[in-house]
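So that you can tell them apart, the chains are marked A, B, C and D in the order they are listed, and the count of residues begins at 1 in each.
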Amino acid sequence: MAINTKENKAAGGSFITTGTVLSLLALLALASVPSVVSSPYTLHLMILLFLSTIMGQSWNLIGGYTGQYSVGHAAYFGAGAYTTMILLQHFQIAPWYGALAGMGVALVVGLVVGSICFRLRGPYFVLASIAVAEILRLSAMNLKEITNGAEGILATDLPPFSIGGTVITDFSTKVPFYYIGLGLVVLTVVVTVAVQHSKLGYYFQAIREDQDAAHSLGINLSLYKNLALGLSAVLTSLAGSFYAIYVGFVDPPTVLGLDISVQIVLICIIGGIGTIYGPVVGSLVLVPLSEGLRSNLIASAIFETGIVSESSPVGNFLKENLAHAHALIYGILVVVVILFMPDGVLGFAKKLVSKRKGGRA
Amino acid sequence: MAILEIKHVSKFFGGLAANSDVSFEVAQGSIMGLIGPNGAGKTTLFNCITGYYPPSRGDVIFKGNRMNGLQPDRVCKLGMARTWQKVRPLAKMTVLDNVMVGALCRTSSLKAAREIAMEQLHVVRMEHKAGFLAGGLPIGERKKLEMARVLATTPELLLLDEVMGGLNQAESEEIINLILDIKKRGVTQMVIEHDMKAIMRISDRIVVLTSGEKLTEGTPEEVVTNQQVIDAYLGESHT
Amino acid sequence: MLVFSQSLISGLLIGGVYALIGIGLTIIFGVMRIINFAHGDIMMIGMYLTYNLFTLAGIDPFVSVAITIPIMFLFGALLQKVFINRVLNALPQNQILLTIGLGLIMSNTMMLIFTSDYQILTTSYSSSSFRLFHISISQPLAISFVITAGITALLYWFFMKTDTGQAIRATAQDRDAAQLMGINVKRMSIIAFGLGSSLAGTAGALISPTYYIFPQIGSTFTLKAFVITVLGGMGSILGATLGGILIGVAESMGAVYISSGWKDVVVFVLFLLVLVFKPSGLLGKSRA
Amino acid sequence: MKKRFVALGLALLMAAPVAAFGASVKIGVINSITGPEAPIGENLTNGIKMAQEDLKKKGVNVDLVWEDDTGKPQIAMSAMEKLATRDNVAGVVGPYTSACSNAVAKLAQRYKVPVLIPAAAKEEITRQGYMWVFRMNAPADVYASVLIDAALTAGKPKTIAFIYENTDFGTSTSQSAKAYAQKKGIAIVADESYSKGSPDYRSTLTKIKAKKPDLVFMVSYVADAILLMRQAHEIGLKPQAFLGGGAGFTTVQFAKEKQISNYVLSSTQWTEDVSWPGAHDFGKRYKAKFGKEPTYHAACAYESMMIMAETAAKNAGNREKTRAGLKAGKWNGIMGEVKFADYAGFTNQNNHQMLVEQIQNGVYETVYPKKWATRKLIYPFPGFK
């Protein structure tokens, strides 16, 4: 059973699995969403969902597959976001070129981080990755001539995107952002799948499982760790660039802060680490949950079902406190997932399914 | 002809000598046994040979090339591979994937690597376990998996660190046959083992280490009758 | 010269409080090999405790330390027993995230109870100072420095002379070996986490008269605690003491001679340099 | 599908006039309810809650849709998207921070929803020509100029030192303060930024003390103000005047620390003792209801909600008409005279008169400009007690 799926997957293309078919169908459905749904709010939530998936998927390469738990990915996110915005505002360079430049900057940052941090293992690596991101944040704060310091950079309107004179879009609606986001999700997924089905994927996972054993099997540790980090950094910077042009504003705490780094890790851990669907599932849990709590949608949903009346004391309490408590609920969720679903929601669901099927491993 | 020459190798940790001035040669295609009481510096010597520690003094010469200071991955690529005293399966990968990681040392094609891996799994008779997670195997199969994995790197010299440790009679027997099998294929082997009977059976020559130094070297018969060796082992109240 | 000695002295005094935070973290890390991301939040709880004892019961912060220490010890022990003990063998990233989650729960619970307002604890001596060769020395900071020194000495005695202290040290050195020797490792972990928490809480209490309190204050101190412990060598109490004072002085000097904006960068660069060139820390023994 | 949506929107628009005066009007509120900005956000929340009650008394039922932006611009965008397209509010009051306001301003323009920003200081927000974006408070440059003007009318300071938090508000306020000081011929002798929340400013203050400045200009948003003054006291810093820009220096907690806060000058959008109609009464009722003193954020948010809700109710929730109503209207309430004007590059900016207050015996007294002053400005700083 296990061998079969493995064989099919590894054959990569010669066999069309149900998984690929389903993924393509899902992609098709997602691609047609903007023509069916016109609510900008829904599209906006979808874009946030994409952004979260891109971030999670990118981290997954280094954290999930290679086992190097960077808690400093804000560095690459911020590198992409800042590079794009600085080039756009100071030099009027279109954001797509800015994003490319951002990838370059992130790669350089990644290599610097790699040269410092990959000598370190376990908790030391985690702390070093945080330190580098913090240095970047503080530098962005202090290098006022370039980054505008704490005031941040506010984008003027985006130049319209045109190919050969014909304007494709002028970014006046959410639709182009939706497709850019979807495109980036596809890109990160394709990169991850390609990695998984190549020598790189095997080597990354070997490093995650046991560095010394991997080393003895002919794996050049620093080369492959840097490759994984470089790839991850470049993709994360794309997420940062996308964020910057979508929101139109960057400042040090929102794109380089420690909570961005933590959020990126959470997406993967909650979904399930080291799997392609993990970051997707993690985003599907986190984005709607935090939006629902934040905007009191969950409270009103509870009222609508009639379990609790809005005017009752309990209802009043919920209405007053549920929005306040969303960070608290977030924290509880993290604790519950770690304690009871150490392989993430996805891993937990798999376990449940296999149990129901009668405990087949 | 010697495939491996150990020349005056010493290794110090702080002021402590884990190995001092060890020299011997391993002939192409032979099995060299490495024995000695606990703490004699056998594993340290393995680590010095395979690049985990650079020797403090002396040279390790493999196929005529000086290996000192080469990283373990380079050492592996040059044709020298090792197993670990405490097995190190890549727990969350399947048995097949484990062996493929070894095979990928020689090829970049997954297809080729899979073929090599299946071949090696056949050698250790574990094809039926190919799809299982390595972390879930019992100890005997973990040891065999580790052998298959290093074999997949197609080594010319194989260093086996207590591959029979913790195994029962039948399992040990299987490993012994495996080692002899590997020898037939022309792979040179160096074996650390505590099980005296086994080491006497398989080794062509044996090096004895005590407290980091080479005590003696010779054929199994020579070693077993050497008074110094007997004293050294009795001194350790015989394990 | 006056500027130099003034900033040296204030750095030293603040460094004393940092040292306490660092020692707490280093004990937890030493015994459990877990990086406690909730450390600053535990400190924050200590601050709220002190604040409420002062405003509601009128107990002076330096006196209430005697109450804060046992309460925070129990709190930490409870955290360990209920949550952390369950993930001792889990993946390191899961351990980190668990403590992050616990930190979120702590800070947001405090926010629901006390709102997110800044609370200021004003004692009669909050802004008093005395002069020593023209250098002004903050009275409350000087008192807390003395208390810190006392606590550190007491800890030293505990770890060196008592059976429990030695058992904890044995656990820190080699968990498995300690277990084989018949040490109740789980219990030692609970004690260690309790100790670490009570030290963080005490640091919070000691800094309260000269500082302010709000639910999200923890994260600044968590990061600082990491830097201090790594600098001193994870698991080394003496190292953490030294690290705390070093960071206090580095911040103070950095603010004067580089700029207040860049002083935190100085601290992190120092941190990375130590990680790269002496990962065992200034006083730590090298890792096996 | 699209058509149906448009039709639905039209139907809602047509339905709106029926639900006119006396019935309720739907207004969105975006505020930092959680996250790092929550301590100040809470003041805005309270101000708005008071406004809701007062509106009810006036016969305007406001249905408030509360949105938390957690201090993050992308979340503020979510909130605005939701309010504009899902909840179909007539107008929005908020957000609190400049970063969030900026993000929301763009969307306000896109969805044609009137947004009234109560207390965000960044100048650029109303400098982009957005016709749908209004601002109640005076922007960052005024915080600085009014303080320096006050000092200049009272004495002849020659030098000034700056110490400010390295946030958007801190840097932009001190930036304009520096420019204004130079224009007025005051030499800048120190320029120090700090990250908020650090427990020790003594060394920075010692460095400043060595420069012997006539004025010390501080920008602090939070309780750092108390720390700065405590430590200034400790090391014996004694300029001609301490100037405090921003919220940290205008809290009651700060004033209560008499020993260190006496005679500090601070700029503010609002004071309780100012003779603007209803200001004093607002302060009294606020204290009774929430058990603490109102900050200027609360007053700004209160007045913003009053104006937005009344205008929206008058125009039956029609966004375009509400916008026109805001643009054309003129009010005189607890924030003094309010009018959203276009001047000096600003669009829809209330040219608000900021006040300078001085703490005298633990009480804030309005001391500048003369027109609104209740006490005489004490200058130079007589020293700590």
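Methods note: a residue touches a chain if its C-beta (ideal position, glycine included) is under 8 Å from a C-beta of that chain, and two chains touch if they have at least 3 such contacts.
What you see is a predicted model, and the numbers here were worked out from it, not measured in a lab.
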item: Intersection of contact partners for chain A and chain B; value: none
item: Most centrally placed chain - per-chain CA mean versus overall CA mean; value: A
item: A-C compared against A-D, more contacting pairs; value: A-C
item: Distance between the centres, which are taken as Cα means, of chain C and chain A, whole angstrom; value: 33
item: Between chain C and chain B, distance of the C-alpha-averaged centres to the nearest whole Å; value: 47
item: Between chain D and chain B, distance of the C-alpha-averaged centres to the nearest whole Å; value: 74
item: Rounded Å distance between chain A and chain D, as computed from the means of their C-alpha atoms; value: 35
item: Junction residues of chain C - those touching two or more other chains; value: 108, 111, 259, 261, 264
item: Residues of chain B whose C-beta touches two or more other chains; value: none
item: Per-residue multi-chain contacts in chain D, two or more chains; value: 34-36, 166, 195
item: Interchain contacts, given as pairs of chains that touch; value: A-B, A-C, A-D, C-D
item: Chain C-facing residues of chain D, complex; value: 34-36, 38-39, 41-42, 163, 166, 192-195, 197-204, 206-207, 210, 222-224, 226-227, 229-231, 233-236, 253, 256-257, 259-260
item: List of chain B residues in touch with chain A within their complex; value: 50, 52, 71-74, 76-77, 81-82, 84, 88-94, 96-97, 100-102, 104-105, 108, 110, 113-114, 130-132, 136, 149-150, 153
item: Chain B partner contacts - residues on chain A that touch it in the complex; value: 1-3, 6, 10, 197-199, 202-203, 205-206, 208-210, 212-221, 274, 361
item: Sites on chain C touched by chain A in the complex; value: 29, 33, 35, 83, 86-87, 90-94, 96-98, 100-105, 107-109, 111-112, 219, 223, 226-227, 230, 234, 259, 261-262, 264-265, 268-269, 271-272, 275-276, 279
item: Touching residues on chain A, where the partner in the complex is chain C; value: 63, 69, 71, 116, 119-120, 122-124, 126-128, 130-132, 134-135, 138-139, 141-142, 258, 262, 265-266, 269, 273, 321, 324-325, 327-328, 330-335, 338-339, 342
